[in-house]
Structure formats: structure tokens, C-alpha cells
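Before anything else, here is the set of structures, which you'll find just below.
The same subunit A turns up in both complexes below, where it pairs with subunit B and then with subunit C.
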Partner chain A sequence: MTRREGSAFTGMRVVFFKELADLLSGSRMRFLEALVVLTALGTAYAAIQNIKNTVGEDPFLFLRLFTTAKDPLPSFVAFLGFLVPLLAIALGFDAVNGEFQRRTLGRILSQPIYRDVLLFGKFLAGLTTLAMVLTATWLFVTGLGILLTGLAPSGEEVARSLIYLVAAVAYGGVWLALSMLFSTLFKNPATSALATIAVWLFFTVFWGMIAGLLAPALSPVRYGFPDEVLRQAQVELALSRISPTTLYAEATLAILRPEVRALGPVLPLQLQGMVLGTPLPLSQSLLLIWPQFSGLIAASVILFVLAYVIFQRQEIRA
Partner chain B sequence: MRRVLFALVAVLSFALAQGARSDYTGLVLSTPFPSTTVRAGETVNLSLKLKSYNLEPQYVRLGVEGVPEGWTVALLGDGRPVKAAYLEPDGSVDLSLRVEIPKDAAAKSYAMTLVASGSTAKATLPLTFTLGEVLPPKVSLEVELPVLKGTPTSTFRFRATLKNESDQDLLVGLNADAPQGFEVRFKPAFSTQEVTTLPLKAGASKDMDIEISPPPQVAAGTYPIQVLARAGEASASLSLKVVITGRPELSLSTPDGRLSGKAYAGRFSPLKLVIKNRGSAPAKNVKLSSFEPSGWEVKFDPKKIDEIPAGGQTQVTVQIKPSQKAIAGDYMVTLTANPQNGTSKSEDFRITVLTSTLWGIVGIVLIAVALGALAFAVARFGRR
Partner chain C sequence: MMTAIHTEHLTKRYGSVVAVRDLNLVVEEGEVFGILGPNGSGKTTTILMLLGLTEPSEGRVSVLGRDPVREPLAIKRRVGYLPDTVGFYEDLTGRENLRYTAALNGLPPRQREAKIEELLATMGLTDAADRPVRTYSRGMKQRLGLADVLLKEPELVILDEPTLGLDPQAAHEFLSMIRQLKGQGMTVILSSHLLHQVQAICDRVGLFKKGEMALVGSVQELAQRVLGGAYRIRLRVIGNIPTERLQKLPGVSRVHRSGEVVTVEAERDLRPELVRAIVEADGDLLEVGLEETTLDEVYRTYYGEVSDDAA
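Let's turn to the complex of A and B:
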């Protein structure tokens, strides 16, 4: 193994645009786009119907577009909560092992580019595709909202929904990095896809229950003191925050509902004198979700580093 | 025995009374007041009664004799002019006599005679009308307590008695001469209705309330108020006095009028407070206090104000420190200014608590560590 000469990012632009073109023109993308657009249309329309019927005066009426659910449809953010991982997994599950399968990896790497650049380019192209789809959806919902409610969103509402968009992309980034990690780990694309979906299901469906079971074991309530109960609630919350799904849900909640003050247990002492129902300033909401937000970004970077290290150490001569 | 005697006496006296009454035979024409005092131009109605005693039924002619010149006299029965009446045995009729006295009648006594003549009996009734000097209309106005004391916001209520001391009905107009801004209302006693005139019958009196509301910003002092009751040429006046004691009235606000502020959790944040005295007396020894959520600290600088003159204002700096563990958002903090010589004034301030950006930095450090790991991996595992 010899040391590389020069920058590790030479030729990344080429890989990035090639990958982007491949992803965007693939038939897989058509399906996903159709799914996302249908989702956006359905949920936004249902939300608007609901808003028209119920909400009288609300300073953040436009944000309700994203968070209002109407039976049987969940809200837009809840839908994206499981569509974004699906999208990210679909974009990344065969990133590396697909090239192995098609026996194209050797051919690509015979070009004058570093191996680093291939993975960087693939990840960035996937993330960009995800961001493009989500931005289009966001614009679609916003436009639909303006059209059907006749209201223009305020500056703060636009800022909040844009921050939500960035958080959704970061959430997608975690699953994209995970699917790329599995695609370098497993030789078979089907295996990597299944593994990623299994992890996603685990965190989305089971982790909450497991956290609920683990918390009493780690921090039992022996005598029923309030501080014991509080500690157990905090442990359970900390455990559940290992799941990116929880982080995404909390970030979404706090940024799209300005009246949310805290994302954990609140003591009655802290509630004293509080004027409930008033919105937080944007900076404070942002500060509130900042740990969740940085957790999502850090998680995707770490997962990517793992994928990178494994990929760099792999024998690729077929 | 005694009882029987009593009963006997009672029966006897009853029989005697019956006998005395049935003794009289003839016609009777009567009126309660055959001699009255009247005014020129007045129309007088006299009620008359014609009764027969032990007479057969008969037709009775009615007439008035000796009517003074210029006077108009009419005998009325059931409201209509009548010339005769028909009386049954022991029957009676009610009549009335309307006398219209000319305006230019001289002041002296006038006499006339009413005559009722039936077929077997005759009755006369002499009447006298005296035109005396007419009493001029006169009203009097008296008050129990002419001086009242109170604060600028109180309503001063004087109980006064208005009396018509003449022999004619009067419509009394009420007026007040009060200093600028003072509001004077007249109300009949035990009524909420405001009046400007009161009708008073001859010789009658009426209680009424004179309510005076001073303007709220009035300075301490004594204010005289003249009340005038006037009916034609007659008038009566009344001097009232309102003694207003000064009272401080504080208001709390900020220089720009907003009752809100911002504060960082766990840090003292200043809030400028303006205490105004809009009352009529200086506020002395104004103590400042606060009611805040537990775990918070509120400091005033200065803690106590010696005096705020009437109409003056003072600025105070309030240092508010939310609890270290306070959750971001809006909280209510009540600030109170309590003068020694007046009522305290509280105001709710909405404090928006901002949390420190420390956790934001931690998050950035976390991302930086992750990116550092990436850089390390690129450097360590980068290869051809």
C-alpha cells in the first residue's frame, strides 16, 4: 500500500455529476418521486381541509400545513418520517456492491481518480438527489398551501420550514450513509438492502419499546421518589435518542411547533410563572433542536467514515 | 248586672241618635268650605251636596244668585252643566260648582248664593270668595352636610331638601356652578334618574341628592360649588364645599411602554422601569417588590424611592435573573410599587427567557469531531 500523492478530492466533480445523472435518470427515482409527490399532495390537501374547518386564528397557520393530520392520513412530516429513510436506502443500498456485481468498479478505478473520491462522490450525489426531491416536495406543499388557503407564509414560517427541510435531509443522510456502509460490507445488494431496512425497522418500530424496557432495568424506581421517576424518564429519553427516528421527530416537533418549549421531562417548578402557548423565538427553537440536529449530522459523518474505512481496506480486484 | 246596664244605655243612645236625625225635614245644600280664598284668574271647583230629609220625591230647581260681574259660574252634575235635580225621599245628589274668576278682579270679598228650590222645600247656601294678596312663589334649598371630604376618585353626595314655600305648584330648575372639570348631577332621593327640573306641589318638599364627581387628576384643595334652584322669579341657592385630599396614583411601565423584556437563563438582565405618579399628592417611600417564579432573582436599583412628586416620574433599573434551569419561553413576573401613603400598583411583565448557546457549541464540537475522524480516515487510509 503506497501513500497517495496530491489531493484526495481530485476528480470528485466528475464522479459526483456522473452519479447524480445516474441516480436522477434511473427508473428507481421515478417511483420514489411519484410516491413522494402523491404523499405531499394527499397530506397537504387533507391538512388544508382540516385547517379550513378548525383553525381560526393562528400566527403560524402555514406551519400547520406540515403538522396537521387528518384521519386516515398522517401528517406530512410523519409521512416523510418513513419516506425519507426509504428514499435514502433506495438511493444507497447498492452504491458499492452494485458496482462489484456489474463488474464496473475496476473499470472506474482504472480512470485517473482516487478510490476516496468514488465514495465521496457517491455519497454527495445521493444526498444531493435526496435534497432535490425533498426541496421539490417542500415547494409543492408550500405552493399548494398558498393556492388553497390564500395565505402567504411569513418570514419566520419560511425560515422554520426551511430548517425543517435541512433536518429532513440530515435525517436522510444518516440512512444514506448506513445503506452505503452495508453496501460496502455485504457483497450482495439484496443482502445490504435487507440489512438496512432491518436496522431502520428496528429503530423505527422496536427501539422505543426496548428503551421502555431498558430504562427500568438501568434506573429502577425503588422507593417511588419523584427524582427516581424523573431519572428513569431521563434515561428512557436518552436511550430513545440513540435512534435517528427519535432525533428527527423531536427536531421536527420543536421547529414546526413554535409553542414547544422543551423536549424532555419538565418539572412543575420550571412551569411556575410560565405563559403557556406562546411561541418561542426562532433562535430559541433552533437552539432547542440543535443537539438533535448536530446528532443527526454527526451520525451520518461517522457512518460514512466507517463505510469509507471499510471500502478503502477492501480488495477490489475482481 | 253591669253588663245589662251597659247594653241598655247603648240601645237607648242609638235610638236617640236615630230620632235626632230623622227629626229634620227639608232640603239641605252643603259644601265643606263655603268661604275660600282664591286668586284672580283662577278656576275653582267646589263640591256640593244636595240632600232631602223626610220629603216626598220632588223636582228641585238649582240656581246661583248674586254672581259678581265678569265671573263665570257653572253648576255641574256628573261633569255636565245642570239646571235641576230630582230627589227621591232621603235621596242625595253630588254636584260641583265651577267658578272662573276674571284676571282683573279686584282684591276683596265676593259673595253669591246657591239656591235649590223644590215644590215643598227650599235650600240656600251663601258662598264667599276672598281675593287676597297672592303669595309670591318661593322655594328653599337646604342641605344637611354642606362640606364633604374625599379623594379625587370618590363621588361626593350631598343630601339636600328642596321646599316649595308658596301656595302654587312650581317647576324648579336646578343648576350648579362648579369649578372646571367637576361634574354635578341632581337625583331625586333614592333614585338613579338624573334630573334638571323637579316639579313641586304647593307647600311640598322633596329630598334630592347632589352628586359631585371631581376630575381624577384634580389637585388637593377645597373647591366651592354653588347650587341654584330657580322657579320663575323665585330662587334659592346653596353653597357646598368639596375638600379633596391628595392621593398618589402610581403606574409602572418601561420607557418605550412595552411590558415585556428578555433575559438569559442564569444571568442578570437589566430592564428599565418607569414609575409615574399620576395622582394628586406626592408618593412617599415607594417600596419596590416583585413576584417571580421560584429560582429567579429580581433586584431593584434603587430598592426604595423616597418621593415621587405628583405628576412626576422616576426610572428604576430592574435586574432579572431567570433560574439556571429555566426553559426558554415567556414567563410572567409581577412588579409592584407600594407607596407608604397610597395603594400599591402591580404590573405583569412578560419576560422571554433565552437559553445560553453553550449546547450549540457542544453540537458543533460533536460535528467537528466527526469530521476530524473523517479527515483522519482519509489521511490514514487514503491510497492509490
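Let's turn to the complex of A and C:
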């Protein structure tokens, strides 16, 4: 048996740039851009109104721009919490079955490239598009914030909001990988879009409830000992962390609110010697969200690998 | 002469269904080979295995001296494939679609544009080149498909049902383009069930039935095998017809008479002998004609027999 010849990435650049051009010039992009601009404008404006009324001293006032909500609008990060999945799903739901439907797959795969390149190029193009859109939004909100409040963000604030941006892209990567997985599984783009949205809704709306129901069953509190209660809380937290939405929310919370010191139950013993309300240094906040962050990346990788395996084994003829 | 395609005991199973069974196919370089057969007889599966787009369950394939499973890129660089229903990115123009293929084949940009321009002109698509493919007719898409295949300057071209859905004029033009490819020394594999077209351009033909290639040869040879006689001579005679005498002539395989028309199937062109026999028997001969056996007939007779067997 000879090894497969040539680089596994032959044609990667070509596929990537072609897919990127398609995504950026497609009509779905117009809607997404409009949606994102509206979100940024609305949430930033509402947050600024709120911040202007704050009199207390806050060393991280600029970060409040991202996390402050004012009825009826949710905060910027909460808004992105459901816009990012929507964006990612819109970018990936017809990645593979769209090629089947247009009957371009046989023609493209008879060119001298490996199959993986097509899938990987599409994923990277989707992720790049997502990153571009989110970065634009981030710049937009930051700029609005500087203009309207007259505040200049500190170096640490910029660093923290940039890390948030990366986490949001990683969160998008999970949904992009999932929508691409479904686009290889289902032959019809409408089916794959609906399936991805169903999974997203399940994790966003129902998973929290299910975790709350499952935890007492898995780790019941029989005698009311504190360690039983603690164990149950930990089980519930572990279960809820299966959902990428939870991971995203926790990562966002810890990186944008420096005063957050833990993302789970804290024992009184652990609070000893702590000065309440003081912010953590950036490196410690980063350490705090590291598991969440790697969890998001791991989920994207696993979903992508699944899509890859299914695509590699798929017959080209419909 | 080199061998372009060589398969040994090639078999493809989908679960319990055998799509291609024990296929032994040899296609020489520079040949135009026709793959004939009804839908579902394994034509497309065979083509996909030749390209390494689907893995054989058993057997060996060699295309241009290489194994498509192990060295797919080397083969895809030298083999052009036009799928049975070719699709393009509808929002891109014809030129942009070709540009993508050219880039995937690693053609340098400068060479790329000149080559695309040249092929668009050959295919008569220069005027439509900068319109989105969405606006193309079926025939235009098919010609764009051929341009797409030729971009990489292939040594072997595989065309799956290339004239499907084309009107007769477009089909005719398309076929003459394929004939030009042969003139340029390319090996062409053509799958079709439009028989007269295959007959017009193929050097040899393979008949597929239920995943097996049952017969191979030139159209003439196939006619000989399937129809018994390769030549069919039609005579119109008034008066005395010496049917038995005709039957006894060497080389005659069958004599059939209906009214004043006598049809004789023979291994050779026996027109002079037949005329002499009729005249000697005092028959009044009105007409003599040689009917060319068409692949259509071979096909219908052959698959007719097969389905009779099955019934």
C-alpha cells in the first residue's frame, strides 16, 4: 500500500477563498449584517443610557457597555448569545447538501483535490466570515461607547473584550460545525437548518430545566447533609455545562466581569481571606474561563470530525 | 498502444445489492468507448470507480497506469469527468465557474484566463461568459461542462450521458465536439442510452446488463453476435421467390418473407449472389437494398431477450 500522495491541503486556499467570497457576497449576508448592526446600535445605546446614570466609581465601566441590559433590551452579550448561533447556522446549514442539490459535488470532487479540503475549506470560510462579522460588531459597539460616553477603555478592558470576542467566535464555531454536520447528514437544506435550530433551542431553552430535573435523580439529597447538597449542585452544574450555551455564558461572565471569582458553588472555607468585590487580574480571569473556552473548541472539533467522517464515507451519487 | 483503462474482476456492492459484478474492461489509448445499458445497469457506478470517487468492493482498477483508490489526485489531474447532470454555481458567471475549476487544478493565473477564453470560444459561449449560469439553457450548461472538463487538458475524458436532455440540434453539435476530441488523440469513455449517437462516434461498445458487461466489441461485431447476421439485405420481388434456394446460399443465416418483401440476414454482403439467384429462378426483382444494422436493433434484441429470459 502506498501512502496517499500530495499534500492533504492541495486546493485548500482555492476552496477557502471561493467559499468566503460566496458567503460574503450572498444575499443571506445582507440580512445578517442588518441584524447585527441593529443589535449593536440598540444594545449599545441602551447600555450607555444606563451607564450615564451610574454615579458610583467603577474601574471597569467600559466593560459594562457589553453586559448592561436595559428593559426591554437584553445586554449586548446576551443578544449575541442567540445571534451568534443563528449566524453560524445560517452560514453552514447548506454547506454540503447544497452542493448535492446544485449537483456540483461530483464535478468539484473530480478535480485534483481531496474531499477533506472541501469540507475544511468551507468550515474555515464560515468561521472567518463569522469572525469578520463579530469583529465589525465589536468595533462598532466599542466606537459608539467611546463616542457617546467619552470614556477611553483601558488596556485591560480592551484585552478582556478581545478575549470575549474570541470566545464568541469559538461559540459560533460549535454551531457552525453542528450545522455542517447536519448538512452532511440530511439531503435537504431545509431539514438540516431546522434540525440545527431544534438542537440550539433544546440547549438554550430546555437543557437547563432538564439538568435541574436530572440532578436530583442522579445525586439525591437523602439526609440533608451539606455535602449531599453540594454534590447535587455540582452534578447539576456539570450537566448544564454539556450545553455550549452555558459554556458561553460562563466564559462571558467571568471575562467581562473581573469581580467574578468562581463559576460554581463556593464554600465558606474558600472565602477565607478574600476581599469581596475586588477584581481579579486578567490572567486569573483567563484561567477561570480556560475550561469553558477549551470545552467550546473541543465541541467544535468533535462535531467537525463527525461531519468529516460521514462526508468521507458518503456516496457521491444521490 | 498503451492501455488507458484496465479493470480486473471489478465489483461494487451496496449492501446486498450488486451494482457492478466482475467487470473486466480494457480500453486502449485514443479509443472512443461507449458504455451502453439501461438505467441502473451499473454504468455510473463503474465510472465513479474509475475516478476513485467510490471505492470498489473487490477487484482492481488501473487508469492511465495508476490506481484510483491510492493515487486519486494523479488520476484526477489527467482525467476529465462530466457527470450525468452537471451542475454549476448558479450565482457565478460561466467564466467564474471555469476560473474556480482552473484554480483547483492549479493552473497559473495568466495561463488560466487565456485558456478559459479559448475554451469559451470553442464552445460558443463567449457572449454568455459573463452572465450568471442561472440564465443558461440546458445545452449551454452542457457545453460549459465540456469546457470545464477540457480546462485541465485531460488525456482521458469520461462523459456520463452527455446528451441527456438536449434537443436534437444541440445533441448533434455536442457529438461533433466529442468527435473532435478523438481527433486530438484523447481517449473518450461515453455512457449513453441514445444508441444511434453512440454508434456514430464509438469505436467499441460495451453492453451492460444488471451490473455485468455482457458484450464488448465494435457495433458490427455486436450485431453479428446478437442478431446472428451482421448484414441485412432487403429485396422486393414479384413472382416466383426461391426462398429455399436463398436459404442454402453460403453465409445466409436467415430468410424472412412478408408479401413481396424478402429480408435476408447474412454474414457478408451477399447482394450479388442473391440477385443472381432470384434472376435465375425467374423472379422479377424490383429493389435491392442493404440495411445497416443499427445499435438500436442490437440493443432492443439483446435486452428484449434478457427480459424474456427473466419473464
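Assume the second predicted complex is superposed on the first by the 312 of 318 C-alpha atoms of A that agree within 3 Å, B and C clash if a C-alpha of one lies under 4 Å from a C-alpha of the other, contacts with A are read in each partner's own complex, and residues count from 1 in each chain.
Keep this in mind: a contact is a pair of C-beta atoms (placed from the backbone, for glycine too) under 8 Å apart; a residue touches a chain by one contact, two chains touch by 3 or more.
Worth saying up front: this structure is predicted, and the values here are computed from it rather than measured.
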Winner by number of subunit A residues touched, once subunit B and subunit C are compared: B
Contacts of A:Tyr114 with subunit B and subunit C, given as first, second, both or neither: both
Subunit B versus subunit C as contact partner of A:Gln49, first or second or both or neither: neither
Contacts of A:Gly273 with subunit B and subunit C, given as first, second, both or neither: first
Overlap of subunit C and subunit B interfaces on subunit A (superposed complexes): 1-2, 4, 114
Of all residues in subunit A, those that touch subunit C in their complex: 1-2, 4-6, 10-11, 14-15, 18, 22, 26, 102-104, 106-114, 315-317
Subunit A-facing residues of subunit C, complex: 14, 44-45, 48, 51, 53-54, 70-74, 76-77, 79-83, 85-91, 100-101, 103-106, 145, 148, 152
Touching residues on subunit B, where the partner in the complex is subunit A: 292-296, 323, 325-333, 350, 352, 354-355, 357, 359-360, 362-364, 366-367, 369-371, 373-374, 377-378, 381-384
Residue ranges of subunit A touching subunit B (in the complex, touch as defined): 1-4, 8, 114-116, 261-262, 266-267, 269-270, 272-275, 278, 280-281, 283-284, 287-288, 290-291, 293-295, 297-298, 301-302, 304-305, 308-309, 312-313
